[in-house]
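First chain written, first letter: the chains are A, B, C and D, and each begins at residue 1.
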Amino acid sequence: MPLFDRLKSDCSADWDAYVRHAFVEQVGAGTLPEAAFRTYLVQDYLFLIQFARAYALAVFKGRTLSEMRSAHAGVKAILDVEMDLHVAFCGGWNLSEAEMEATSEARATTAYTRFVIDAGLRGDLLDLHVALSPCVIGYAEIARRLASETRALDADNPYRAWVAEYAGDAYGEVAAAAVDKLDVLGAELVTEARYPRLKALFAQACRLEADFWQMGLDGA
Amino acid sequence: MPLFDRLKSDCSADWDAYVRHAFVEQVGAGTLPEAAFRTYLVQDYLFLIQFARAYALAVFKGRTLSEMRSAHAGVKAILDVEMDLHVAFCGGWNLSEAEMEATSEARATTAYTRFVIDAGLRGDLLDLHVALSPCVIGYAEIARRLASETRALDADNPYRAWVAEYAGDAYGEVAAAAVDKLDVLGAELVTEARYPRLKALFAQACRLEADFWQMGLDGA
Amino acid sequence: MPLFDRLKSDCSADWDAYVRHAFVEQVGAGTLPEAAFRTYLVQDYLFLIQFARAYALAVFKGRTLSEMRSAHAGVKAILDVEMDLHVAFCGGWNLSEAEMEATSEARATTAYTRFVIDAGLRGDLLDLHVALSPCVIGYAEIARRLASETRALDADNPYRAWVAEYAGDAYGEVAAAAVDKLDVLGAELVTEARYPRLKALFAQACRLEADFWQMGLDGA
Amino acid sequence: MPLFDRLKSDCSADWDAYVRHAFVEQVGAGTLPEAAFRTYLVQDYLFLIQFARAYALAVFKGRTLSEMRSAHAGVKAILDVEMDLHVAFCGGWNLSEAEMEATSEARATTAYTRFVIDAGLRGDLLDLHVALSPCVIGYAEIARRLASETRALDADNPYRAWVAEYAGDAYGEVAAAAVDKLDVLGAELVTEARYPRLKALFAQACRLEADFWQMGLDGA
């Protein structure tokens, strides 16, 4: 079984707790308190900065020019595109970039981002990608499910733009490339003796992502 | 003003929230629920492993043989002495090493430890020591205050051994050496333009330490 | 005095030995043996890959979004532009990318590149930039001097395209930005107590750059 | 085949060029110029400092407490024992510690040590151990061969103490433990797809070690 499917299937309880978290369901139903979403948006801004650092680490750890370039596409996507989109999106919620910059990281933000970075430094490129994967890949799965199962895209859902963004084809391709990268590295580097550690890493990353949603909810 | 005093004074609200956290006060009064203390003990075991990694990073980042040796004393203290003491101490609370190893890190554990490690890699040796300092130095201040102000060392306080350990001369010397190291590095490396970042790092480390106490309380 | 000028002036012997190395003078005079230049070109290809990793490390170590973006411009310049230019340029010398990739790093290549990377990991962003600076800034100084003092740009100099590239305005701006970055970081972070280590780092980087030229000469 | 044997056998040309380098043969025959040996001794002092950093990195990268402790034994061996032995030994050659500290690293020293450190940060614990292994394990093989095949231990060989040290049982155990560690990590982590990179890493480390001997010879 390709690595990502295997991880998701072996950690299904942690995966489901993340992708079906109450925050997510309330986004889909349009019932999430606005304060929760705003808390999330601000922390997600701080999160993206750390994720750009994690992708820069993937460039640093790349073993070939082609691996470096593929990780670099991730840095570029965040620093050149996503940050600006995020700032524009937040502007629609009356959150200025200056305000977001001046906010302290919530502990859930610190915990997940630094866990990912440390996983990359302690281990190899595969460890780094496993730790990154719940975020990159999970957002696409969450948004596509909401778009198909719920009234998430209805005109009266205040969060429809967020769902549409992550359910869209552009983000879908980013997530598919991340699955692919993981599967390729998995085929090259996973032994049965190594697998249990990767599983534990993936499960912990899922739990830290679920905490991130919870931090949003707690902000309301 | 020497660096540590300056940081503590400029971040006094965060420092006080950490060293006077309810968990700490209840330890001093002997009223902390046992389940809270046991939660803390197990996570502190996992915490120490990561702190040994942080001190190993300080060896790696040492600029002179003497700096490497001084950081190495920290690794040795944890791996050769404190871990065994901690395991013995936990044995008295019927917590086995196997049980502690098999426990997942709480998010507060992940957040503080990985924040420290990342601060060290992102910055220099001083950044690493600033991020480490609330833990190393704070424990001595907490325990000495409890020992002098409260009935913490009374025979009926179930936590008296913990207080006595960190209020003792041996640990006091460890903490004094950490203050010293920080002050020496501060005198060498701090400019007024750099100071605000060090203050922010110290304040965030204090908050993450307070979260660690809170995680213990929440375990009850 | 701004940091770069101070370093260059305090390490003038090492700087001069680098920027006036026999390899450089023979490039300017058009008398360098072709085998020496080809050896250099192949190793410079391998060198650039490591330099992209060093700039990725600068993104990772960036303390603000703006610092991360500025380091990211360096990664982009290398991975998206310079590598392709270099490959095209080498094509003109009948060196294929496959051939360059299959070549082992010369020790001078390994020494300078890994020294830079380690300086960045052991120290902070300023240490990393100091270690990078002889390369980035020196190439512009070398090429501009050759262009003005020698017959380097004459039609019969086989190396005129190389000189023109690094003496040109585009590269001149890259080098000026690097001087600027160093001066800004210097104003923020340099204390007199710290300066001697930065000087030693800069001097060693100059010597390792001179070795890189020598490696080219030895290839003939 | 266990990993170390496989690497040594697949890189036999590079391994032999290292363990049978002219420097080594002249040590065994007692014909090495004293200036060459003194050059080597001074650089080996600087080398050991970097190797202590590499072992500290192995502590940092350890995945279990037991792995951290085993790497820590390496840091302790260097910082608490070998450095002092080395200084004492060098004293016998009228080289003071102050003199050695004041010497700049030769490029061969910089190249091998930083290559090892970078291999560890770019990859995982196995990459780090593969890069370290020619040094740790090779010295034992070299000294034992010299002790058995040549007149290396004769009273009139000025280098007999060096040979005796590395041919002795104490060092033999260090080397055997390093082989073991490599074989255990290899059994856990090596796939056929990964092996070629490990082989290339090992071969490059052997070449950089041979350069270290050559640097000694060139010092005469």
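Things worth noting here:
Operating definition for what follows: contacts are C-beta pairs under 8 Å (C-beta built on N, C-alpha and C of every residue); 3 or more make two chains touch, one makes a residue touch a chain.
In this text the structure is predicted, and so the values were computed from the model without any measurement.
Number of steps on the shortest path from chain B to chain D, with steps defined by chain touch: 1.
Counting the residue numbers used at the interface between chain B and chain C, over half appear in both copies, so the two copies meet with largely the same residues.
Seen from the Cα centre of chain B, the chain whose own Cα centre is farthest off is C. Our note on geometry: chain A versus chain C, Cα centroid distance of 37 Å, whole angstroms. Look at where the CA atoms of chain A average out and do the same for chain D: the two points lie 43 Å apart. A separation of 31 Å divides the Cα centre of chain C from that of chain D. In chain A, the residues that reach two or more other chains under the touch definition are 53, 60, 121-122.
Shown here, the protein chains touch in all possible pairs. Chain D meets chain C in the complex at residues 53, 104-105, 107-108, 110-111, 114-115, 117-118, 121-122, 204, 207-208, 211. Against chain B, the residues of chain D that register as touching in their complex are 49, 52-53, 56-57, 59-60, 62, 65, 68-69, 71-72, 75-76, 79, 83, 101.
Residues 60-61, 63, 121-125, 127, 187-191, 193-194, 197 of chain D touch chain A in their complex.
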